[in-house]
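Worksheet: the structure to be examined is printed underneath.
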Amino acid sequence: MIEVSIIGGSGYAGGELLRLLLLHPEIKVKQVTSRKFAERAVFLVHPNLRRITDLKFTDPQKMEPCDLLVIAIPNTKSMGMMEGFMKLAPKIIDLGADFRIHSQKDFEMWYKMDHEKPALLNQFVYGLPEIHREKIKKTNFVACPGCEATVSILTLYPLVKEGLINLAKIIIDAKMGSSQAGLQPTSSSHHAERSGVVRSYKPSGHRHTVEIQQELNFGKQPQIMISATAIEMVRGLLVTVHTEVCEEISEKDIWKAYRKYYGQEPFIKIIKERQGNYRYPEPKILVGTNYCDIGFELDKENNRLVLIGAIDNLMKGTAGSALQCINLMFGWKESLGLEFPGLHPV
Amino acid sequence: MIEVSIIGGSGYAGGELLRLLLLHPEIKVKQVTSRKFAERAVFLVHPNLRRITDLKFTDPQKMEPCDLLVIAIPNTKSMGMMEGFMKLAPKIIDLGADFRIHSQKDFEMWYKMDHEKPALLNQFVYGLPEIHREKIKKTNFVACPGCEATVSILTLYPLVKEGLINLAKIIIDAKMGSSQAGLQPTSSSHHAERSGVVRSYKPSGHRHTVEIQQELNFGKQPQIMISATAIEMVRGLLVTVHTEVCEEISEKDIWKAYRKYYGQEPFIKIIKERQGNYRYPEPKILVGTNYCDIGFELDKENNRLVLIGAIDNLMKGTAGSALQCINLMFGWKESLGLEFPGLHPV
Amino acid sequence: MIEVSIIGGSGYAGGELLRLLLLHPEIKVKQVTSRKFAERAVFLVHPNLRRITDLKFTDPQKMEPCDLLVIAIPNTKSMGMMEGFMKLAPKIIDLGADFRIHSQKDFEMWYKMDHEKPALLNQFVYGLPEIHREKIKKTNFVACPGCEATVSILTLYPLVKEGLINLAKIIIDAKMGSSQAGLQPTSSSHHAERSGVVRSYKPSGHRHTVEIQQELNFGKQPQIMISATAIEMVRGLLVTVHTEVCEEISEKDIWKAYRKYYGQEPFIKIIKERQGNYRYPEPKILVGTNYCDIGFELDKENNRLVLIGAIDNLMKGTAGSALQCINLMFGWKESLGLEFPGLHPV
Amino acid sequence: MIEVSIIGGSGYAGGELLRLLLLHPEIKVKQVTSRKFAERAVFLVHPNLRRITDLKFTDPQKMEPCDLLVIAIPNTKSMGMMEGFMKLAPKIIDLGADFRIHSQKDFEMWYKMDHEKPALLNQFVYGLPEIHREKIKKTNFVACPGCEATVSILTLYPLVKEGLINLAKIIIDAKMGSSQAGLQPTSSSHHAERSGVVRSYKPSGHRHTVEIQQELNFGKQPQIMISATAIEMVRGLLVTVHTEVCEEISEKDIWKAYRKYYGQEPFIKIIKERQGNYRYPEPKILVGTNYCDIGFELDKENNRLVLIGAIDNLMKGTAGSALQCINLMFGWKESLGLEFPGLHPV
């Protein structure tokens, strides 16, 4: 039984991880901070946790040492405090972007600000178990990927690694739910404005590009272009990845590549059915699960390959992946506490 | 051609009326105020009006005289300024609650504040054309009903007037969309929180009660109880009205009462089909229209009568009804500018 | 480890129970029948079960003996086959309506058909653990309640039992999701027609009335009137129950009644907050859980009490409650396999 | 006043056109056929037309001559009957695909069947007024484009015509509503299955490809690849078009091209704002309108240009465009009967 605390527990990512930790058989949640809700019951903010816990939010000033600290505060806010966090706990998981990018220069270019602790950058492992499992087992510091990066990297990784697709022309058309924008109400998140949208909120220049390029760079940097569209959905993220293949490739080669890398992966499924309503990945049946579902369609005529990846942005995209890393770091079964299979219909 | 200005044109009610006025053949929109958006194009706030108008919002300080002034500011904000408004225009339509209640005492009890201009209360006609058509034609001052009051009164009026239902036990179970709450973003209107809710936001004590009681009081005040539930919908309002009838009543009597009062009404339809998907009133096919659809089911066994009323809260519930009043005040065809029949599917 | 089989496993209720059973530590799923999908993988119909099971649907003709048989076929279809089922397994759970009503006469009146096996009616216990826990522990035959009956009975039970509300005037205004209608596509379930509806599909005469009256009859039969409205939601059911109280009742009395009966209940929560977005029961945060959340608002002025009950119709309303009964019948912890706390945001 | 009849008036496209025609000042609707609903009131199928018309569906066998016949039957069903239709009316608008493709070979390749009347192919004008206005004015026979083709062609046309984008790499990522699939209930259109999907229903090989290639072929055929994803939406269609530009191109050049071709177009708006919630085209505010909204974002770094086009698939995508053609064919104002500006919020 280890003690885990969460810095920034009133947000959606922190709340989701809290839910998972509270039900985890090897973990005791020690403290969860919130400046705004300090001393108030956690379940007032996360109503699904009523009856599950009587925990109250702690003032960030009152943090005590613990075995593992999870940082769930807005991007770029953790780097300045990281040294302090490291004094509180020997192991740290950061859900934010601050330590994902190994290159200080890349970070500063994409985030348009100086990095406050560049010396720590190389201490963090990029927390994608399917790609960095062995490193995660051995490290004390994990920086969890962004949700779009997670699904995009997982969808592309075996094909890029095997050299099956043209690195120069990878277009990621992402469809996103509203939970990704966090819990701060704005005019654009106001229900009457946000409901039913097909909103091109980031047609180019998405920051997760740099993570994807970092993780798919095996000697040659791929050219990644993300277009992000917000749709009517709370949880969930689907990427349609438009790629170009060389002429000789067959469906079999694609299956082979996915099986080679993901044949034993507990949380990746290749979905490609000839019948039924769920012939390709579908985020709604992944809600609450830690799966990344991947599908593809090869257009031989045009030498195009369309890849389809789906996740729950708060689970495999954030908190679920984080718990998967925690399980690895502490030597537990990788899927412990992540067994929920998802619902249908929903 | 008359000149109309709107005080408070950046909100949903003001914007909806603006849309109607811009396409009305007898009306020229002169000024539309917004403190926050002064000098900026109206279509930045109301994107459906792009290409329809180049109008910019006017600072409220810069209002000029016009033929008709429409007040579309939050409840209880117009009473203090009404005398000033009366100097700007000979005719006034107030969309807010300030002058709906004839009794100062009732207003103050339900709105928990003093009325600042009680002397003006009796100058305003309650703007429900189906009930006060002749008065509206002759008045210069109209106070438009609340949306829930509109649909509830119209659904109940013929039956109460004819003495067909027990006045002591009228329960209005209202299902509402998010546009009714206005355009101010809050935690409860945040998409990830508001999406998919069935939220009992006002189980009792709804302020529109007092309007309904006022309008359905023909010697004896009915006991009205509203329970309001917010559901997944942007526009639209449906009331399920649970009433008790005396034993001898038949379906025919109900049809007769509705036909007697609404047989010639341009915007009321009685919906009661034996087949099809739309056997009862359905707010989604009323979106954008000025109709109030009414249906009913008689439960002879229990002497209960369930009434069902549906409107678009921003149209028949606010702006559409207001234009209907304007048409009456100026002697035009009552349905002028309100011809949109609604969409299907939608 | 016991062996359980499901008759009728391709529907939503059967599929939901299958999901729960597959993850239950004491249960082995033996066979799941489907005439239509016999020999095909279960996960083609229930896509969330991919990776969880390789089970194929069995032809109903090929059923083998097991420890417990769950019947998940349409209402009125099990009674004719029940004697055959009883030869296959010593214990039976029927999710349908056939054996819920103890009175043959009542069944025949509400279902407008003869009961084929009236002699078996009194062998079945009504499967609501909160009310019949001890009987369920001892019986071999359970008839699970309808989902609307479940939430309505649980919401009303303590107040009726304690004599706090007038039995003559209980109005249940139910708001329902689309999954309740089952998986058969029809014009009214067609997405373009069903989306965004507020459809009064059963304003009076709902069949669950008879179950509620049976379970809330403590010497005097209550008069129950249900109006059912389908809204934009897949899973979930909320009832707004309009009742009349005697003059002297206070909020405290209501709290007391609920605490007396539900103080120790693992799956009932009383929700009544002064702050936050989730001040009353909300079905969306119950999706996937076995909870029944109950709230209330007392309107002293009018001697009215508005009760609010929410469940996931496929969980506490069907499959979850069924598993709760199974746990009781086999002497396991009542909440085994029902620990999922629900998601937020969602 | 001309007389128009509709063949196949019970579907969504036929119903939408019927709505427009009934309110058109120069048109009298003569007959509307439906085999299934013959002799029944049109408003039972199209509930928004109640009170607008008392028309009943006519048996297709009982068609009489008229001035203009609109064919709204499933794709590939009109070609065999076209000669018969031509005897009924001097002018014909076909909403289906049968006569859109000038090349018999292309038609047969994409629709995988023989064309029954290839001799008629060159008599039909492709009904996109923005591109073929003069031809439409003079023709008697119009084949209206598919909805995806409409929005894709309009979004691309000026840029392809001006040679600004690489013809070899045009990827259209289409997001679609459920009304596009028509009114036939299926398992995949069943609300509980269709609700909330992000369903990759046609990752490659969409039939509208051939129309787009035909219309954008100015000497060299572009390579068009469509990926279609069904999302939670009833009406509406948005395409995100991923293109490659040559290095020297600037935003100004793009604006210039759009202005050159669309500067005077009544139904095309270029949407590219720096502020507000509606900075790019958004289908929900186009519901019920005949607009095609177009936006773009230039990614200089990667020489990519992302185009965004939005329409209401039943209006500009089908019925609205058809009426626009009718207005041209009869010499009326092009926007007659198409003035609805759309709603906000919605």
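First chain written, first letter: the chains are A, B, C and D, and each begins at residue 1.
To be clear about the criterion, contacts are C-beta pairs under 8 Å (C-beta built on N, C-alpha and C of every residue); 3 or more make two chains touch, one makes a residue touch a chain.
Because the structure is a prediction, the values reported are computed rather than measured.
Tell me, please, which chain's centre (mean of its C-alpha atoms) is farthest from the centre of chain D?
C
Which chain pair shares more contacting C-beta pairs: A-D, or A-B?
The comparison resolves to A-D.
Distance from the CA centroid of chain A to that of chain B, rounded to the nearest Å?
Chain centres of chain A and chain B, defined by C-alpha means, are spaced 46 Å apart.
Which whole number of Å gives the spacing of the CA centres of chain A and chain D?
Spacing between the chain centres: roughly 39 Å.
Where in chain D do residues touch two or more other chains at once?
Touching at least two other chains: 12, 179, 183, 187, 192-193, 195-196, 234, 277, 282, 345-346.
Using the touch definition up top, name the residues of chain A that touch chain B in the complex.
12, 177-179, 181, 183-187, 189-196, 234
Under the touch definition given earlier, write down the residues of chain D that touch chain A in their complex.
Where chain D meets chain A, its residues are 169, 171, 173, 175, 187-188, 192-193, 195-200, 203-205, 223, 225, 227, 229, 231-233, 236, 238, 240, 242, 277, 279-284, 295-297, 299, 302, 304, 306, 308, 310, 345-346.
Which chain A residues qualify as touching chain C in the complex?
Against chain C, the touching part of chain A is residues 12, 15-16, 19, 22-23, 44-52, 179, 183, 234-235, 269, 271, 273, 275-278, 282, 285, 287-289, 291, 339-346.
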